[in-house]
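Presented sequentially are two complexes of chain A, the first with chain B as partner and the second with chain C.
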Partner chain A sequence: MTRFLLRRLALTIPILIGVSIVMFITIKITPGDPVASLLGPTGSPEARVALTEKLGLDRPLIVQYAKWFGNILQGDAGISIARQTGALGLVWDAMQNTLVLAGFAAILAMVVGVTIGLTAAVYPDSVLARVVSGFSLFAISVPQYSLALISIVYLAANLGWFPTGGMNDPSGEGGLGDLLHHLWLPGIASALVPLGIIARMVRSAMIDALNEDYIEALRSRGLPRSTVTRHAFHNAIPGILTIAGLQAGYLLGGVVFVETVFSWPGMGLLIFQSISQRDLPVIQAGVLLSALAFVLINLVVDTIQASIDPRLRR
Partner chain B sequence: MNSRTSQLEADQTIDLRLDNPDDGSGSATQDSAAREPSQPAARRRKMTLTTRVSAVLTFALFAVAILAPIVAPYEPDIGDRSQRLLPLFSGSHVLGTDGQGRDILSRIIWGARPSLLAGVVPVLVAALVGTALGLVAGRGSRRVHSVIMRVLDVFYAFPAVLLAIAIAAALGSGISNAIVALSFILIPPVARVAEAEVSRVRSTDFMEAAAVSGAGWWSISIRHVLPNVAPAIVVYCTALVGLSIVYAAGLGFLGLGIAPPTAEWGLMVNDLRQYTFSQPGIAVVPAVVITIASLLFNLLGDGLRDWLDIRSEAQ
Partner chain C sequence: MTVEAQAELVIDAAGETSDAVLSVRDLTTTFTAGGQRIEALRGIDLDLYPGRVSVLLGESGSGKSVTARSILRLYGASAIIGGSAVFEGRDLVGLNEKEMQPIRGSGIALVPQDPTGSLDPVRRVGAQIVEVLRLHGVVDSKKEAQARAEELLGLVGLPDPVRAARSFPHEMSGGMKQRVAIAIAICCNPTLLIADEPTTALDVTVQAQILDLFVELTSSIGSAMLMITHDVGVAKDLADHVSVMYAGRIVEQGATSTVLDDPVHPYTKALLAAVPTPDVPRGNLIPIIGQPPVSGMTLPGCSFAPRCPVAQSSCTELVPELVSVELGHSVACPVATEFGAA
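What follows is the complex of A and B.
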């Protein structure tokens, strides 16, 4: 297991370097001259040269990249243009609220998705099984902003069941119950699509597993349906986990829309605000941190998988 | 020459179903390879009604977008202040009017142009570049293969939407920049599907036959590999248009697409969002339209896959 972890970690390093290179490229493709925009139209040629040297823009790209990467490692991803503080710090604070939302959505999607998928696989002729195939197609089509808006209109505005936005009651004394109350709508809006995909995946993985010979052998020995299902499920878990891990990326990307619609004070809302302010350092720090989170989540998923399934530890 | 070509084509038709799990074990696949060439076509399933309907509706969607000046009842960008925020089904404004008194139906119809453009073009670009990458990776040396696949892995480390946002924000808003950003994030999945398909074809007998008979790299790629991998890629890309429309509207929603006052679905979602409480009916119209458009392409892709009996491992 230790060897697996070490090897898996070693595989992560080139990915992270690749991620940083891609981010560096997105900074470099920004049109316009950073020196000119900093100096304004009155800057003298000497000042231009001085600033170019100060920013290191006269150095080769590889040196510029190394310097930028070094800064990132020290927690410096540039200064927010709109807020005049460190971009990474801003994003880091917002990220914690995002993880609350994404974590809640992930639990919702896993629990409900697996339950629905299992039921649909065990009872293939049921209405639910048909709904799952139809619903999952709908789920991969519907954008989060649509879901968020529709749920806000019908569950918050019309029925008044849930608050329409924010993370806590303004009084600030709501505690965990209040947070949960605010979590439901953005949570459902984020979770619905991963839920559909997980349900579909669980169903097909379970149908495959239930068709195996050893399941037939278990059935022929007269074991109850629940026991047979449990054996099949154990073998379907790795495939389900892989898909669930991939949904983390979807959740982290989707928060931009869900948080915007629900005014959830997370990284997504911060990115949305930064776009209209053309605050590129914040956007870049946000995307970088999300990619890092995504890579870490996949690392954790792989580790869990390897601890469940010894075949993966080869 | 002619007879040899037709023999190879027959092989290719059979090959379409080589990794179909419905065919059962490896020995069953052997059996199917020995069947008469006409049989696989006969076994092709009938296209379902859903698939046909979604195909017709998809064409209708494009037709409406192209014929926008004729179909749209009102000017999309000119509003009547006295007719502000009319609810759904109010007289001549079937989908109501927005905050500036503009007819929402007309804006949806005109908005279909940039929305579909930003949905379809990135998929076309990704299909071309992704297939080329998949072909080179799948047929190249091990080194070329691993370089291409590892670079693609890096793109998979990003949540796709966020990478698109980072690229589009860096380039500046505008529909062409949104298309560039979306093309980038769609290339890796297409390349993966293409690579998986090429690898599947690579080990078949007819490939060996073509190589033994002295066909060159290009000739084999174009005449033998591409026709075999194309169906799966086309099917995958059809469904991908659905996703691309959602992403494109998402960038529009964030202000990274076309600039107002031009009608675009994502921009309309964000514009009408402020009336969620005063006019909930009209507030969700563009969101519902985007969902329907995306659903159409997903239904079409799914239906085509069943019809052509394709199942790719990469999907």
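What follows is the complex of A and C.
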């Protein structure tokens, strides 16, 4: 198990390097000019040249990358062009806020999705199972933005049950209750698609597990249905976790839209703003940190899987 | 076979079934899934006695596994089961799932065909035995269950029982896994042990060892044993009693010596003629012409008639009943019995 962990940890390094290279190239080939956005339309040609040199943007791409990478290794991600503060600090704060939202949504999606999927698999002919598969289909197919906007208009603006945006009440004391109050709408909006996917995945994984030969063998030993179901679930967990892990990663990136709509001060909102401002240091640090989070989530998922299914411990 | 066993068989023939642990009468199983009716069992009669090995012999698709699963009531609503299967005074056919659960594994245990498919892949082998022991209340504590599990693993011939108990199924060979499946099956001292082709997934050398283990265990715990096989050789070696099955019916049954040495039913004769033995070399084998009926197809009369060398026009009209031809030997073929083929 220790060897398994060490090997998986070592694997994350080339993955992060690969991600950073792809990101670097992508940013360079997309149109838009950080210098222009910094100086605005009034910038003189001389100022442009000077700033380009100052930012190192006149150097070959490989040199720019090497310099950036060397700085990152020393914990320096550069200064935000738009905000004039350290990019790493900005990105780190935003990441924490995103983790709060994504974590909340992930727990919501897991708990509700697994419950729904299990019910549908174990009682395939029940009315509940049909309602539940209908709901998971709805969760997947309803466009996230329409739901987010509708909930803001009706539940927040009209009824006033929830705040229309933000993470904490600026006037209040804050605290956990306040945070939860702000979390519900963006949390549900982010959780809906992964919830539907997890529910369907759990359902099919459980149906497969319940059709395995050992299930009949377990029944032939006199085990009651609930125990047999538990055995099947135990076997289905690794498959379910694979999907859940992917969904958790998707949540990290996928909350961009929700964060923007609900003005949640997270990574999505930060990267969204930074892209429109061509704020390269922030984009680069943000993408790298997101990739790191994604890789770590997968590592955790794989580790749990290996501890559940002995056949994966290789 | 012992003299006592012979004497008991004589009593069977007289219709005395009081000391049988399981008496199956006219058991029928019909599958109705997919809008199609498949009559997998069309009237099975079986009597199983303590300490005795009965073999259910038949080709692939004849309904051997369906017989085992129907007795244990492992089918859901998709199968309609008729007739009776009286086990320790209770008709299993009338019991519901809750009433069946304490009987499964404790009263009647099953060793399935494929050892790999009989074990939960993500649970340690010892834990799977402990689970059954505790379920049926055979042991008082977890510790006792653990010790008993290791003892059982030794009993079925695993060289290092303590290590075996800690292993996962994928760390074991097929033969070892089948020994584990046997350990689970005997762990609650079942009154009846049903083994559904327990060696077909294993290689030949291991097969013989596993079969020997079965015979040894049945006699030591005194349970009745129903051994399902398509292998005439296995039947000859192990069985006290043989029931020959064809297309969902028993066509001939009786003491092994009478049925396999002196077959009466044309199907049993054809089956034996198609199998190599020390006296009949491979070259002289006579294959059975034609195919068994396709599942779902119901023929009027005798199912073997289309392939039968002695069939008469009357054979396709009436379903033949099992008729006693001598003490402890019944045959379902009016043609063979009337013309004294015995």
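Quick notes on this one:
By our rule, the second predicted complex is superposed on the first by the 252 of 314 C-alpha atoms of A that agree within 3 Å, B and C clash if a C-alpha of one lies under 4 Å from a C-alpha of the other, contacts with A are read in each partner's own complex, and residues count from 1 in each chain.
In this text, a residue touches a chain if its C-beta (ideal position, glycine included) is under 8 Å from a C-beta of that chain, and two chains touch if they have at least 3 such contacts.
Note that the structure is predicted; figures quoted are calculated from it, not measured.
Aligning the shared chain A places chain B and chain C next to each other free of steric conflict. Of the two partner chains, chain B is the only one that A:S290 touches; chain C does not reach it.
With both structures placed on the common chain, the touch criterion links A:P60 to neither chain B nor chain C.
By the touch criterion defined above, A:Y214 lies against chain C but remains apart from chain B after alignment on the C-alpha atoms of chain A. Contact with chain C, but none with chain B, is seen for A:L223 once the two complexes are overlaid on the shared chain.
When the two complexes are overlaid on their common chain A, residue A:I150 makes contact with chain B while staying clear of chain C. Shared-chain residue A:V256: touches chain B; no touch with chain C. Between chain B and chain C, B touches the greater number of residues of chain A.
Residue contacts after overlaying the shared chain place A:G40 against neither chain B nor chain C.
After overlaying the two complexes on the shared chain, residue contacts for A:T26 are found with chain B alone; chain C is out of touch. Overlay on chain A (Cα): least separation between chain B and chain C is 13 Å. On chain A, the surface touched by chain B in one complex and the surface touched by chain C in the other have no residue in common.
By the touch criterion given at the top, residues 212-214, 216-225, 227, 231, 234-235, 308-311 of chain A touch chain C in their complex. On chain B, the positions that touch chain A within their shared complex are 150-151, 153-155, 157-163, 165-167, 169-172, 242-243, 246, 249-250, 253-256, 269, 273, 276-277, 280, 283-284, 287-288, 290-291, 294-295, 297-299, 302. The residues of chain C lying in touch with chain A in their complex are 69, 72, 74, 97, 101-106, 109-110, 112, 114, 116-123, 131-132, 135-136, 168, 170, 181, 184. Those residues of chain A lying in contact with chain B across their complex are 14-16, 18-19, 21-23, 26-27, 29-31, 137-138, 140-143, 145-146, 149-150, 152-154, 157-158, 164, 249-250, 252-254, 256-257, 260-261, 271-272, 275-276, 278, 280, 283-284, 286-287, 290-291, 294-295.
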